[in-house]
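Each of the next two complexes has chain A plus one more chain, namely chain B in the first and chain C in the second.
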Partner chain A sequence: MPDQMFDMTMLDDSYEKCLKCNACVASCPVTGATLDFGGPKHMGPELKRLVDNQQSIDDERIEFCTLCGNCDLSCPENVHISTLTAFAKALHTEKNGSNFRDFVLSNAELVGKMASAFAPVTNAAMKMKPMRKVMEKVMKIPEGRKFPKYRFKNFNLTFKNKVTGSKRKVAYFVGCYAMYNAPNVAESFVKVMNYNGIEVVKPRQKCCGVPMLANGRMKQARKNAKFNIESLLEYVRKGYDVVTTCTSCGLALKKEYLSIDGSPEAKELAAHVYDADEYLRMLYDHGEFNTHLAPIKHIVGYHAPCHMRAQGMGSPALDILELIPGFDIYDLGAGCCGQCGTFGFKKEKYAVSMKLGRTMAESVKNLDADYTVTECGMCKNQLDQLTDKEVRHPMQILAESYEHARHLQTV
Partner chain B sequence: MYDVVVIGQGLSGMLAAIWAKEKGKRTALIMSGAGKILQSTGVLDLIPGSDGTLEDWMKLYQMDLWVKPEVMQAVDKFKLLMRELGYAYEGDPGHPVPIVTGSGHIKYTALYPETVSPVPGSGRAVVVGFRELADFQPSFISKNLQNDRPGLRVSALSVRVGAESRRVLTQLDVARLLDQEDIRENCLNQIKNELRHRKTGQPDFFIFPSSLGYKQWPETLRRFSEALGATVTEAPGIPPNATAIRLNNLLKLKAIRSGVRFYGDTTVIGANRDNHTIRSVIIRMVNRTTEVAGSRFILATGGVLGGGLEVLPTGMRETALHLETDSQGRPVNPPDNLYLAGASRGEQLTRNGIVGGIYTLVSSYEAAYGACKPVRGGMKNA
Partner chain C sequence: MEKALETEVAVIGGGITGAGILRDLALRGIRAILVEQGDLGHGTSTRNHGLLHSGCRYAVRDPEAAIESYHENLILKKTIPGSIEKTGGLFVKVPGDDDAYVDKWLASCHKLGIPVEEVPLSQVFREEPYLNKKAEAAYRVPDGAIDDFTLLIDVINDAVAHGAKTLTYHEVTEVLTEQDHVTGIHVRDRHSGEETDIHAQIVINAAGPWGMNIARMAGVPLKILNNKGMLVVFSHRFNKHVINRLRMPGDGDIFVPAHDVTIFGTTGKNTDDPNDFSLDRKEMEDMLAVGEALIPSIHRMRLIRAYSGSRPLYQKNGGHGSNGRDVTRGMALIDHGERDGLNGLITITGGKLTTFRLMAEKTVDLVCQKLDVHSPCRTREEVLPDRRVSDSFSKANLAPAARHKLMSWAGVRAPKFDAALQNEEGSQVVCECEQITWAEIETAIPNKGGFDLGDIRRRTRLGMGPCQGTFCNFRAAALAVEQGRADIKEANCALLGGITERQKGMGVVAIGETAKQLQMMQTLYQVSLGFKKEGNQHV
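Our next item is the complex of A and B:
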């Protein structure tokens, strides 16, 4: 009964305010890169207006929507465009099913668990040409696309919190990427929080659901949302703040759950969710931030992930990193990186992904900094593929600065 | 936390933020949407819907004559900025020029980008459309232009962009396509063939939709004027106009790269005040309501069209800070550290409070200048 599901859930009537002004169309990165995409206005409010209270229409042009959220950022009338396109994607998948590749790509957590368990083998295999040729042929995963490495010592095995009983307490939503691909980011985050005298716990959690949403697997995304809301809310009610180091997870907990789950509990949770840099900036504003940071004399480029900008919180990573003495950081202003989560791993989207990526790579090249900083693991994947600069997470830099400061103190 | 907090991302907000940042102020820009540049024509008018002079304009806005040098200063500042961004604006508010719009009618404008040229009074003009672009109808446009400019011999023709598309093309789509050399040359060949076939002689002026290239517009413009051997202009009409998108995206990139912090998808719903100063604005983010503190604030939320003012049966309502306004929408006795830019000043010269680009940039300059002055209080609110 797919149609019924979409009628029941689509109570969103924000489309009525759409004036067809084209602000979303002009701001959509994918629309700018291909004429195969229907565009956010057609695929969102216009499609909804057409089918409201009527039989739903499945339009395959929705496949190119990455759910980056730039449409929502641009809409002067506050139409929930990306919610509408997320449901259009879900309908499309419901009617056509997901292929094996999309099913695998959208299961970031399961893949992470398995790949990290056999990490040396998986990493080596993903670099083998014959293997990649087969993957391209069978699964339509482009041979040239680099994959993030998986770590055998994932964060589940390395999590260590050294502060207990602090006034402010953090429930850390790790996310699949920091859990299985970049445990160092997660470890750095815990260190940074501990340096600020804050206790960190790791609640039971599942993938935030963003990769599922992006592949139209709405039901699974909702299941995960429900699980996470229940698990995290328990901590919120005990006085914990929920903090993320992945900007896509952050956006899911803050915004997507409000539309795909929509319960009062989703709302209650969302109000207590912070991006890691946003949280530190809040501490700074309250005079609670540990400013004992050792100088780092680097010139650095910053890439702002779409899902960071979609959170509407300014640029907290820049605000915090600028507190490190000698640290010179510049916003690249590059827009969308083109990786767009699972999007850039798909053969039929690869050209668009690379087209968007090249614009970003150009800005990295022009700035010619020592390295690049970004919060998003997927943006990092694209940066790793298209630029020769190292890519780091803000937490890694902060942890380094704190550790160095402590070292200087003890010497 | 910030020295200057700008509310609104239209032309006034973006310029005020860029200029405040330029003066070394920690600057934030809070916006609930992309701002109205995206829907504009990208040209800056003196008096919207009228061909009045700078003197008429100053009278309308009740400005004293001594302000004139400052008006020109603001205009020069804007021109300097746009030259620096590689998208120079020409023109002089002292001498507005006639340009053709996407409806074929003439309007007078003060500042316009290099892709736009004033319409001559005589000679041959050809309006060129693209078959795939429904928003620009050359025969309709040519007839309107012929009425407005009887001395000009106007004709129309259409060519194909020749790109396969799964959606209806906009002017911006065509602009991006014309960034590609092969598409550009193919269009030029079609135009030349059609003209050869018609044997009407060499045209002096070509009118295109606002689509003459997006990032590669200098090359597209150069190639078109060279190959057609005549002056070429864009006629901005139904959004998105490439004229406006270039302006918007370059200003935004400039603001981001110079370090202005953008709070997107965020609505200002009030302010915390101490006596007669604003301490912080209250913002509604995607997930919660919080505050952004600052020393000075610039209100650049626009008029009725921009959403800064709302028309109620009882009068006007200022939407962001809930300021008290007069019946026109002019804030009455605003806080000391608040500076008003653009249409948020509540000037109702046209319906919907469109104030024109020149007023926008002059008032933004004034607001940014006031918000950066060491002493409290800016220049007088016009």
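Our next item is the complex of A and C:
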């Protein structure tokens, strides 16, 4: 088959609707922080119009696009801007190849498997100065950048599918982060579902592909999409709902697969995908949510990940956590954290990453809450880097509240 | 006080015909002045399809025009490389088109020696994904796309480089005669009001649709049929080749790729007024309905504007009732000395963009005969400087898209742009749709007076993209004031004029996105920038 990937003529013609209004430019976090990026309007719809059916133009500034999706949200014409920039990234990588660092960073799954297998060693190594100096020099990974820890007892090792025959059934798309770095998040999610009487199974799955898209490795991302669509659809057709605890994975399954895969199967799957909090909110709306939650008297700051907002579902984490008696949660309202997945691990993007994170860091400081809540593991990484507050996932808090409630009952 | 200029030949009309003549005269060493009432090419020469005919379109109905077109096609591809894109063309037969015509057409093309090659449909659909999948046959022909804007500017510049002179925004108010011969023309500067006599042995009327006005001034009869055609511009370039419908020439059967857009047309309606550039919605809708046969998704694609221009068709007998399509596209060279007893006046009209060089050659041959100059035509071989450059602009801090555009555009101006691009203002992209930098715009502003966004647009493509100048017209005007290239009053006036003109072309296609674009433009200018509604503020 000819390289269909860059034949976007039929794939996405939403660029034709662009009115050049600049709403996307105004809402782009990166454009606000640096002039080194050409802005979403130019790198997306504008460039696409100039190359469609014509000679392609490679613009290396596309590397600065984080695929955060704020442009898509802001567009009054529903131009699929981040889809267009994802393809511009793919074109750039196709023409220039990806360097070793970007190859490694975009392989979150492989890295996760290996790093967790030697977890104590990996974690210690990442804290060793000489090691980091070498990494900065050889791989252009900034010495000062914190890395998420890897867990030896990853979720793959600990979780066993348990079929209970409940009315609602969940096929859990774990994602690399909860699998290898934060198995506690995954375990908490399973607990929360069990407290709601819902069985959880873990289908065969690969990395959702978002880190690959961000590094222009479109072919690999499409391969993974195909695998996941097939694997997850099997469950969907058996009556399972697909639920994610990572907002980037959620966005991929709901939206990216529609554009990079585009098959009817991708569409069928997308209609059955929920973010974990969104799923619980849905249960609540149907009167099926277990509200037996013990009070937690904490003051908490909530950071909304870009990929959560890009799903266009409101703020389900806030909606659900507010059901916990005494829980006092405030939206930090600080926009993009600046980690932006693999972006913040790159030396040449580090300054921009730090600059972007400043608003969030200040917001956390001003609120001075007990801890911070966010769904996204990468946002957590930046919060860990820039603030001294503990960072937790909504599922961890819910699980704690449910457990506490059961404890109170049994005592 | 009245000035007077002295020359051998005065050329009236700054369209491509006049420009071609001016260059031909200059290359043969004949002194000449060209006079144009507005900007160069403001009439027909920038209001056409930009199609370099292979001649195939006229193969059946008008073999003479066909063979002329084909020969010129070959010459222009060689001599004007910078303004011609060798896209190639396709003639496509769709269901319902007459089979007998196809046979006649093939036979005629063969007889005329125009190379036509049948292309397998599977290949055509791969190359032209938007083409009607029900097409029954397709033939490859040597059509091309002409950038009529750059062509005109480059031809004029070459003439000027060879000693010719041009006066734009100069209107002819009188043709000076003495007994049985012309002695020159009287012109008025439309900016300053200054009047000038231009004494010349020969006056050439190359005024196109305005040609009858000139003839009237000279008191000679002339019948030109002004046949107004409407064209529309699509927001992106969706075809690689010129796509023609394989049938007897009619309305709405040609799609021409032009830079980053596709131009589709055309219609033909006779009009009495050469200044009639009106646009009719019904006419456009009828044309689009016909175009659907070639490009079925035509109604789903975004149109950014429409425009119209008149073909000056010559009618020997001055007969009425013609619809224009059956009048020859051939040229008419009239020696008014021979025909009407007024020596020294020549009218050249009819013809096509594709044959402009030949029209000039024939006209200047006649001039030479009259002036007793023995100098052969040089435009068959003499090559105009190319627009394409390589290895330039590598030092400038430019978006790759803007660099890409400059590389196919800058031509002999490349060193000048390169220098201007070194400073921050120069490398600013002012028009984003067409990727035009301030360096290019600045070069297009005349040194004294006459800051006009239309004139800049014709030289740079400013505001020719989907947003139709919503943002760049304002930016260009503001930068011109900031850089001391225009005063505020001038800039305001130019801005209002520029926007009004853009809105006219958008209004007729304003459905869907373009309706929204138009609303946004009106809101920005009337609410955010406080411009009054059209007309109220004009000075």
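In this text, the second predicted complex is superposed on the first by the 399 of 411 C-alpha atoms of A that agree within 3 Å, B and C clash if a C-alpha of one lies under 4 Å from a C-alpha of the other, contacts with A are read in each partner's own complex, and residues count from 1 in each chain.
Going forward, a residue touches a chain if its C-beta (ideal position, glycine included) is under 8 Å from a C-beta of that chain, and two chains touch if they have at least 3 such contacts.
Keep in mind it's a predicted model, so treat the numbers as computed, not measured.
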Contacts of A:77 with chain B and chain C, given as first, second, both or neither: both
Chain B versus chain C as contact partner of A:53, first or second or both or neither: second
Touch count on chain A, higher of chain B and chain C: B
A:38 touches, of chain B and chain C: first, second, both or neither? both
Partner chain in contact with A:108 - chain B first, chain C second, else both or neither: neither
Which superposed partner A:395 touches (first chain B, second chain C, both, neither): neither
Contacts of A:207 with chain B and chain C, given as first, second, both or neither: neither
Partner chain(s) touched by A:21 [first = chain B, second = chain C, both, neither]: both
Contacts on chain A seen with chain B and repeated with chain C across the two complexes: 21, 38, 42, 61, 77
Residues on chain B engaged by chain A in the complex (per definition of touch): 1, 28, 32-36, 38-39, 163-167, 169-170, 172-173, 176, 239-240, 245, 248, 252-253, 256-257, 259, 261-267, 285-288, 292-293, 307
Partner chain B, residues of chain A touching it in the complex: 21-23, 25-27, 32, 35-39, 42, 61, 69, 72-78, 251, 253-255, 258, 270-271, 273, 285, 304, 309-315, 318-319, 330-333
Chain C-touching residues of chain A, taken from the complex the two chains share: 9-10, 16-21, 38, 41-42, 46-47, 49-50, 52-55, 57-61, 77
Parts of chain C lying in touch with chain A, wherever the complex brings them together: 129, 235-240, 260, 301-302, 399-401, 404, 432-433, 435, 466-467, 470-471, 513, 516-517, 520
